[in-house]
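Each of the next two complexes has subunit A plus one more chain, namely subunit B in the first and subunit C in the second.
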Partner chain A sequence: MYGAVKGRLEDQDARKIIAQHLVKDYILKEKIMEKSGLFGRKQKRVIHAVKDISLEIPQEKIIGVLGINGAGKTTTIRMLASIIAPTSGSLTMNGVDAVKNHLWIKERINVISGGERNLYWRLTAKENLRYFGSLYGLSGVDLDKRIAYLLRTVGLEEAANVPVERYSKGMKQRLQIARGLINDPIYLFMDEPTLGLDIVIAKEIRNLVSDLAHKEGRGILLTTHYISEAEELCDYIYILDKGRIIAEGTKEQLKGLLAYEPKVVTSVQEPSLEEALIEIINRCNS
Partner chain B sequence: MVSRIVTGVTQIIFPYFMYHYYIHGNLNSEFHEYANGADYMTYVVLGSALNVLAVSTLMNIGRALITELREGTLETLLMTPMPRYAYFCGCLLEQTARALLEFGAVTAVGALVGADLGYLFSVRAAAVILLAVFSFFCMGIALSSLMLYTRDTYLTQNTLFITMNLVCGIMYPLQYLPAGLQYAAQIFPLTPAVSLFRNVMIENQSLSVNQLLIWQIVLLSGVYLLIGTVWYKKMELKLVESIFG
Partner chain C sequence: MKKFLIVMKAEITKQQQHDYHSAYVYFSLLIWPILGFFEVYYAYKPFELTDYMGIEDGKTLLAFLGTGFMAYTCFWSMVQNAWSMANQERRGGTLEIASLTPASRLAMSYGRALGALIQEVWMFVCFCGFLLMYTKTIRWDNLFLLPAVLLLLIISSTVWGGMLNAVFLFSRDASIVMDVFDMPMTLFSGTRVPVDSFPCWARIVSMVFPLTYCINIIRFALHIQKSSRGWQAEILGLLICLGVMTAVTVFLIGRAERHNRETGELQFY
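On to the complex of A and B.
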């Protein structure tokens, strides 16, 4: 393992990730062509991808981050995973400063994204896991045992020696989950893990995500566009819009935030989480 | 790999015909002086072989990172706590074997067209090749940051490789170039490396009489390693943000 802890904070026993006032600005250089002159000039523009986000991810819980495209969900995950540094704000994991100790943090977290990237397609599942395991400093019998366990967990034992390029979408996603668990992370960031999967495989993955948090004690941050998925899995939800948290709470609390009368009367009188989400975003924008 | 072997072999075949049909018998005494008495084909084959090695080694890190970016695995890689140098060294080891194969192919064809490579299988030649690979690797680290920043392999590497081919004394002695270019050529590790390689291969000179060239290679390696390391560290965040932002 690579990271040594610097500047450990006092509340190191806290079993949660705490992000406070995270801000992420990007500087965009734009070329402006002027009427006279051939080459134009460059102008800097600041993009506020994440404006002020404070959230907590306790272990054993699934925390949902919902929002429309461009709300800042992926940028937030990348900051939490120490892939990009926040422009300002603080981030601690179990009491350890994540910005100063990013290597220590990286050993204890992992990110699982939806889609078919993040894997080496020419390699087999076993070879992929062996490679990623070695990047986390694992080797030998321990790594072999871990790989065997993960392949069993995600149901890819029989396809372990088949190149990933021959896998179906669902198999690739299950391998992504195995890859995300290779370092036995305390916290998992799942960015739309069921994107484009059929309902049977999506259900399998949702069950697995639930077990990872509630049975194995991991803290999970889940972003998804499938509101029913968030409703089924998440213990607590943050709603993001334009880089800001505009509402938070349990799904019941979020529904309760609305003095809401559904325009279409359905058999269920209380609004669904999806209706609540749309209404909250609309109200915020208006 | 095949394309680089073809390029390397082409660099020998063209001069072979040019030499036999145009140049043969017309080389002036200056060339022999600059080439330590070697015939033209030996001179060209030695230069081309080391050039192939330089191109392969210089490209490997940058191209590996660009491939990771295009294949979508770079984010996963950056997420791990793995030291970057372990990755760079892995790239070096993986591709050095391939580069040596290319080097072998070019020298084999060179021997067929009449180059005198009698000292190739000596400890001295091996030591020079290892030193050259190390210096190209150091330069490759600096180059990789540039390639990743521009997200381009073709323009960056080919501009550099054409420049190196023209000014580092691969096809003709450096002394034929204007004085300014001769000085400029000294910033590439390939220039002293190819001189050293020729000194060892043509005249079987010992390494001790080539200390100046060795120190130049070591110094350039150190400078590129420092620039590459510091720049990469500074650039990594910017690179990541330019990629993922």
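On to the complex of A and C.
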């Protein structure tokens, strides 16, 4: 154990992450060029990245966070994953104050993002997993067994000793998932995990994500720009815009919001989640 | 403590796996340091050496420069490694992933330093070891001094490297550190020129660099050169330097961690 638990709340049995009124302000340093002078001066400006977000991530569920670029999705994930501290608001994980006990939280969560970063390309899959596992204090036979299990789970057993730089995009993404599971986290934060993948690999990854939540009992927070992915995977969806939650519900509930606005129903078919999302954001902005 | 050692071991192993993929690495391990060494040796050799600061002849000069370059290579490899690893880790996104784990940042810093030290200088240190035997600076009767000297170098360089790793956590471009520690460290720490031959102001500057004390202690222990300050003062100076560097490392890591919690970026600008 890396740190003693401080401020355990009464509701110890809650199997969920609860965020209440999270706010995150950043200080942005802008360079102002004067008419004379070479270097200019710096001016500080406060950016309200997340204004007020309350959400829950229960175990065994996949929670979607959707929104356009700059809506505050990544900042929200970073706060929930204890990478950054919220400016205000409360955050608990299974009843434990996540802001005060961020080291304790870090043992029980992990983050998986899309793209090809976050891995050592010159190292093999096994070497990558051994390194990241060691950072969680794992070693010896336990770590070897965990690595073997994860490589089998993500289908990289045969490529275990090949340097990552020779991997395809899909293989790298599968290794990212294995890396994210190395500490056997209770909660996973997935930031666009199928970004840039072809439809076959993306489907494989989606099946894996579904199993991680519904079969293995992990709580997953998923952000994605692929609406069909959210529709397929998410049990509950939050829609963010300009740092606030503007709508939430199951995909059926979100689609149902459009029923009160006949102009958007352009065909006899049920509106898609994508139409619902665009309409909700447009309504909010107007 | 067990987890601290696991993290250190993981860092050392990772560096070894990450950096040893090409035979060209032996140029930086052995060829360039030896070329640098012989460049200085042959620059000094034509001049008449009549007991200048204890350097009496060609063999003493070899031993003097050998010890200087051996210690300098250990310290300089820490600067290079901290700079290159910090850049790679930041660009590759692995720094952020590491910051997501509960691993001790102090263990990571020292692990990186020790890993770099072991893999980057061992060949040149072997060369210097043979040089010291060739010049009969190390003989059978004082062979026990060799591991003692190596231990001193390993501990000092690791503490130094740990501090540099912490410094590079703050910035994606701390190239000023390279500028500060390249030529000034070579000159003022007495790698090539005895510190006692410096004017007073330069001797004061030399006290800032832990490498100065390291080199002086090694040369004193191997009877290459006496220290005008006395060996006790050199050891005390080194201990103070190591203490200050450790304190600075702990402080910087704490600040970097707090800054990262504020902004999500392990960098100040």
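One rule holds for everything that comes next: the second predicted complex is superposed on the first by the 267 of 286 C-alpha atoms of A that agree within 3 Å, B and C clash if a C-alpha of one lies under 4 Å from a C-alpha of the other, contacts with A are read in each partner's own complex, and residues count from 1 in each chain.
By definition in this document, a contact is a pair of C-beta atoms (placed from the backbone, for glycine too) under 8 Å apart; a residue touches a chain by one contact, two chains touch by 3 or more.
A quick note: this is a predicted structure, and the numbers were derived from the prediction, not measured.
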Room on subunit A for both subunit B and subunit C (clash or fit): clash
Partner chain in contact with A:Leu123 - subunit B first, subunit C second, else both or neither: second
Which superposed partner A:Ile83 touches (first subunit B, second subunit C, both, neither): both
Which of subunit B and subunit C A:Tyr26 touches, first, second, both or neither: both
Partner chain(s) touched by A:Gln59 [first = subunit B, second = subunit C, both, neither]: neither
First (subunit B), second (subunit C), both or neither touched by A:Thr153: neither
Contacts of A:Ser139 with subunit B and subunit C, given as first, second, both or neither: second
Shared subunit A surface residues [contacts with subunit B and with subunit C]: 2-3, 26, 75, 78, 81, 83-85, 103-104, 106-107, 110-111, 113, 117-121, 132, 135-137, 179
Interface residues, subunit B side, partner subunit A - complex: 71-73, 75-83, 237, 240-241, 244-245
Of all residues in subunit A, those that touch subunit C in their complex: 2-3, 26, 29, 75, 78, 81, 83-85, 102-104, 106-107, 110-111, 113, 117-123, 127, 130-132, 134-139, 179, 183
Complex contact set, residues of subunit A against subunit B: 1-3, 26, 47, 49, 75, 78, 81-85, 103-104, 106-107, 110-111, 113, 115, 117-121, 132, 135-137, 179
Parts of subunit C lying in touch with subunit A, wherever the complex brings them together: 2-3, 6-7, 9-10, 13-14, 17-18, 21, 92-94, 96-103, 108, 260-264, 269
